[in-house]
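Have a look at this one before I ask anything.
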């Protein structure tokens, strides 16, 4: 049991726990009233990120329902719009039954949160064990596969493609489909891009993983495979895919099939099963599908773009500029193949995400489409608990640190040596830049160059203040070497016109 | 516009603003998605505290509703169970109309929060001024009075009373009924106790305000006036009132009349109007209602109990014991008649509340029946903005400080010299004591004797560490003298068996 | 206990019962699942009509909640959007407590429905009487009055008026304010119009009650008193009131004050209290407010318009034309001062409502702003039970009869001699006319000239078929004389271009 | 477009349409306010029956949202608890997009209703065709299959069985799995029983379909295959299955897997796919699974029970007794292999269902687990429209006929010669018998021996009154021969102690 400083951290940590422990489910237990309401943001984030978590909340005594107990409120109605299931258990003997029910909903189809309220007297009653049914809790739902007919149809479309591409998205992760996807790509050499939790499902040095050419590849594609990638705002609602391109969609549930654009072929099921069946049918039908030539073409473009970018990050200016900050962090991350990197911020994270490599055996985590600030420390707690021997690094904007930075106290208490690095430009970047663009004026966008490093020291951790670019990496080294929760506070230039941000 | 570090602070501050500025309404504006979800706790707290606030939340573009925009979610359904009104405005011209609608619901009857979602494109559209209706925003609803017949009935009951008492609760405050209540008491001399936001509506040296004799007075009463005091958990759901005692209830809305117990006479309306009408009918009917004898009797008991308590707080032990901490704070508060005192904690606040006097012209604020931890700094921000010249003091438990202590950064940025004092016993007191009592064992109850004072210094404020009882008051003096946001961190003994807590 | 043929009738009848029995509350008890869902329309109608009713619904056993019992479903969530309170009772001892809670919400402020679910095992358990609290059920909330200051302000506005008018709406009825309103009008001679349930609150021969001049009076007014009349679609959202006219609003609850237009003076409270206080202050202040001259002016116009209308209804054509039908019904109603007349239909009722007088001591009932078809027989059942000695007449469109005409069976079983008259034009009039106007073509608008009279005979009642205008009244006479539930089926011309309809 | 007499019929008919037309979806379009509320029961019934329907409801103008338009109310919140998706479209160009979204939700996983609100102005706006995206509407979701590992596991369990059985339930139907199931049974000879919409998926003369031995078979089974059969109240929540029996569950969605009992093997996917894969693996693995011996054993018992029952139905008494009524109807149905038989009632239908055979190529329809009365005529309308050349017979209780019997008018208008037969015992049977058993007394249980036959004649159909048992079948013959909608009204004895009822 990890007790934290604000219940928001419980659900964020549970979310991360589920992401980090495939087939398991993160659980948060919170008190009634403000305990439940404090957990709402983490639930909502898990909801949009498709992360299966179980939240158990208290309630005033069942015997006094409706009478105005301390912290009594209608938790279930509150949670319903942001959960796959929300309910209350009013019978002590049935608690295990309700937990199974909640978990079943959380992990079925597109995963998401479940909420179970248990009033305090129900929680405390004595019951006879023989009256209790203990159902098996299945955190992994039975695997399902698409039908072979649809798979054949998909391959027919693919065989006729000239410039196909694949987007690997969140459901690749929840399907544990990495190796099945890799095998499929080994056969077909389809150029692939990743978004959402699809990032990291292909190793960063995969010859088929591309990044900077995405816009062009989409613009030019004649077939696109959406492998667990939803056409939401991150894909411009599908509007940038050519109108006559064919769409092959692999999803865990039909609910997301055809969202915002028709799909030409839909393979519904666990994505590992879908990729396996695709590979199997290629073999059985002896199909010849090989896009290595097109992949090579894209590789050339990709290299050219990467080259063009080099140097842009190189400024030695003091105060440090954001691109240089990102480059230093990227270089540091590149040294460790097992690191877990967490992004918690707006501009700073968006900019970092473009250059920071995803560690081969490690992981990148960010909030996902809810864009929640404050996930950093809670995610890191879960990561360090899951992987005590790995480095866990949080890349922070200074605004973001303010939300749950206090959880460094929890890290101190549980001896979890997480490390954060703040790109501290003393501003709310994602407010500042639009305000400038629209109004030419600013209100409520300024922060201080606060000594967050000293704050973490006050909480019992290790702090570093960095003002020169060449000091960033040494400070990070010292932070990890300290063996304590640590924060590297990097003072950046406040650039009111910086254009490099945008959503991850 | 005050920009804070976590949106939770916006709604807590709005809640406090409404409490501090009678007839006005606190407004919080938050971004879509996590902005709204972060504000939920403050909304829920205002809901149970009956505090009228308006929360305006963003949303992805109206034009893309349902397509999966960044931070898109169903805010309105989320807010509905904890607001008096929640809706969305999809027409730029109608924004003022919706604001009026939201405010109208917030301030009508028993006040509470309202939530209005405005998608970002609706917020940004240009419209012609002549197409917009600008309704008058009435933050104060029209006054209403009980009928004279009911008032007469109430006085008949009162005339026959022998041991009457009055509970002054939250609706006295929302009715601005202080002086009307005082006039009524001047005529009738009914012994009076306060709870909820009723505390502070009578000056602490009023001859008719009692405290320590409450349990006995209730047990012995034959008539009880519930002046805006609900029979919820704070009144043991009315079960301690004798079965044959008559109940006279003054409430702002019939919805709360008869909650958990029948009332014999119900005066519904603004409580100022109700008290005025009572006084007026006493005069007109020339009634002789005078309970000064009974009040004197209770005063004698009250004095005896106060005496018995003295000395209990006096221990000079180091580490400091909680009763001594409370006594020192009480003595400090007693020196300033205009101070605003805010309680943010569990045991520490419950214990303090028993001895800390409510400043005559000042105010006591705590979360109310939701028992929310973390209101401290946000409430203090609102208080200091409302009263720049007054001392604003937060009494913190160490657990509670962790929730929104980060808002000391906001205090620093806006130069609001709020002062907090932490009773730091390195434990979650309200978890620890029940665990010990029920299980004889402990899990997840320990915190560190964290240097919160240094944390506040890191944020740019003033910090004090106190380890000896006699240093408490001098440290508070220095804190206020510093002119900066300041925190006095008082190291307390961790007492696993302390019994003094309980709800305020 | 009246058992009906479709649960929809239960809630419509409860709605009418509340309207017919001031200070009482109609109760409907329905089985779980389809019993509750069948009652939804009646609940929704009562919701928009502001009618206080209590609906008690079943549920599968509490012990099997969530397991899929027969007819198990989430009734409470379903009912929440159309009730003032909806909840479930899971404790047999607390059933009376929950009933009180439900009723309290139903009758407080603007009245409306409440819903209480009681699972079948909870309903059937044995409990000891001494463990049950039996709260007093107050179906009439305490009376509340506006403050005198506001009343004075209202009279100031009125004193300066030249062409004032009053709209008497639904809250006049729920306030039982008829005689208080009459006294106020006797003093002030303000020309008055009625809508919603305000119709019938002034006797039809009152010198101050106007009807046909409404549009002009509104257009010309400089002060309008909205006495429980909401500015919804029936008042064109207030847009036809001149922009510079002053608005004085009398309402039972501030929630409706300022809806769609600012009000200049708002008197919140029971309308009887408000009118009484107005009258009292006129006397006390010795104010001279007398608009008899303006009333006389309007009376002249009104008479002229009435005259112009005469003859239009007089056609002797066969098939009977709708205006003639309405005139015959009007003449029949005019003969009985105690009749209860119920409108259930679209065009037929809208047209009838313009000429049928409201019986002096009787009543007019229609669904209200939800415009629900099918209220006829259920309303009539409640009316006949309340007033066994009075004539109860339902004016039906033929479309409307189809919805709950089956309840004539209930009337037969309970020997309730209600009488219906159908204007049978073999068409869905309110579909037909807009279709013609918009598309010049028709689909799904035709019914048959069905023998509804024979259907009622089949159910055990009395039937009349009428094809000539002069036979209408004699048929009605025979219907009432039969002593049985009866239906007069009047065959009308199907007029695709009739323009006389519109909402009541 | 079929316009009916009460909107309830629209959703019931849409429900039946979906059941009758595999792969299509029934659509109901209703007006705002009472149109939507009247449709609620049909939506709720489809919700519990897992029937995919689309309901489109109106709304007051978008431009006046919240202002109180005629029939304005919050339809979406009302529909949410009983639909798989409920939303509103506020943009004319996006109407097709929202329809696709609604249908997608309705047909995905376990099917169910979807609700789409479109305000009247949005519905009427002109838009340019080129601005509208017309998505493909997929009423059949992509097929999904279980993984082969799970299939193998299921066969392992089965190979070790001694007394296996199968329950074929609703998802067999929605999966169109009849022939796949038959093939599987041909291989394995597993004795099979049906419930819910599983009834009729095996022809009634299948050697593997059993009925009367169900209780014993369950009691004795060591393996039970739940083929789309949920362990709800119809299966006593799984409590009658021996604790050590193995459960193999085939379901369309994991949400129902493990409901109320653990399953040992779960095959999730379309049931046709699951049965096909089972059969395929049996062949590939060359497994020997043959339970014909056990099936023969059960057949012997089944025959014995059927024999015992004979004669019980044979009473020639007048008034006709319910068992004889059922037998006559059964004999009549047995003559026609294509008939569609609909059950609408309580006791009468429960008793009939035990003896009436399901026509080989026809169909049996009843409401399903919501137990809704009144589905008869609406279901029949949909059936006759789908199959103009087949006989459509409704078996009615007299209570049930009262709910939507009026729709015989619709049958008359659209020349749909549906036939109903009422077992008219002049009582609410399912109220009467429990009342007698529990209280020994009766209230509100009596109806009349109403002449429903004459009512249908009045509506333009054909009527038959039957008082002697031997006249039942000839009357049915005449009813169908009439070529008109017809009703056979059979007067039954009112038997207060009849024990034969219960849920279907």
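Going by the order they are written in, the chains are A, B, C and D; count residues from 1 in each one.
The criterion applied here is as follows: contacts are C-beta pairs under 8 Å (C-beta built on N, C-alpha and C of every residue); 3 or more make two chains touch, one makes a residue touch a chain.
Quick caveat: nothing in here was measured; it's all calculated off a predicted structure.
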- Item | Superposition of chain A upon chain D: rotation angle, C-alpha, nearest 5 degrees | 180
- Please flag the chain sitting at the greatest distance from chain B, going by CA centroids. D
- Task: Please work out the Cα centroid separation of chain A and chain D, and write it as a whole number of Å.
- Result: 43
- For the pair chain A and chain C, the C-alpha centroid-to-centroid distance in angstrom is 56
- Note on the structure: chain C to chain D, mean C-alpha position gap in Å, rounds to 38
- Task: Would you mind listing the residues of chain D that make contact with two or more other chains?
- Result: 77
- Message: List the residues on chain D that touch chain A in their complex, please.
- Response: 100, 104-105, 107-109, 135-136, 138, 141-147, 149-150, 253-255, 257-258, 261-262, 266-270, 273
- What residues of chain D sit close enough to touch chain C in their complex? 1-3, 5-6, 8, 33-34, 37-38, 40-41, 43-45, 47-48, 60, 64, 67-74, 77-78, 80-82, 124, 230-233, 237, 259-260, 367, 369-374, 399, 402-403, 405-406, 409, 412-413, 428, 438, 443-448, 450-455, 457-460, 503
- Item | chain B - residues contacting chain D, complex | 62-63, 65-66, 77, 87, 90-91, 98, 101
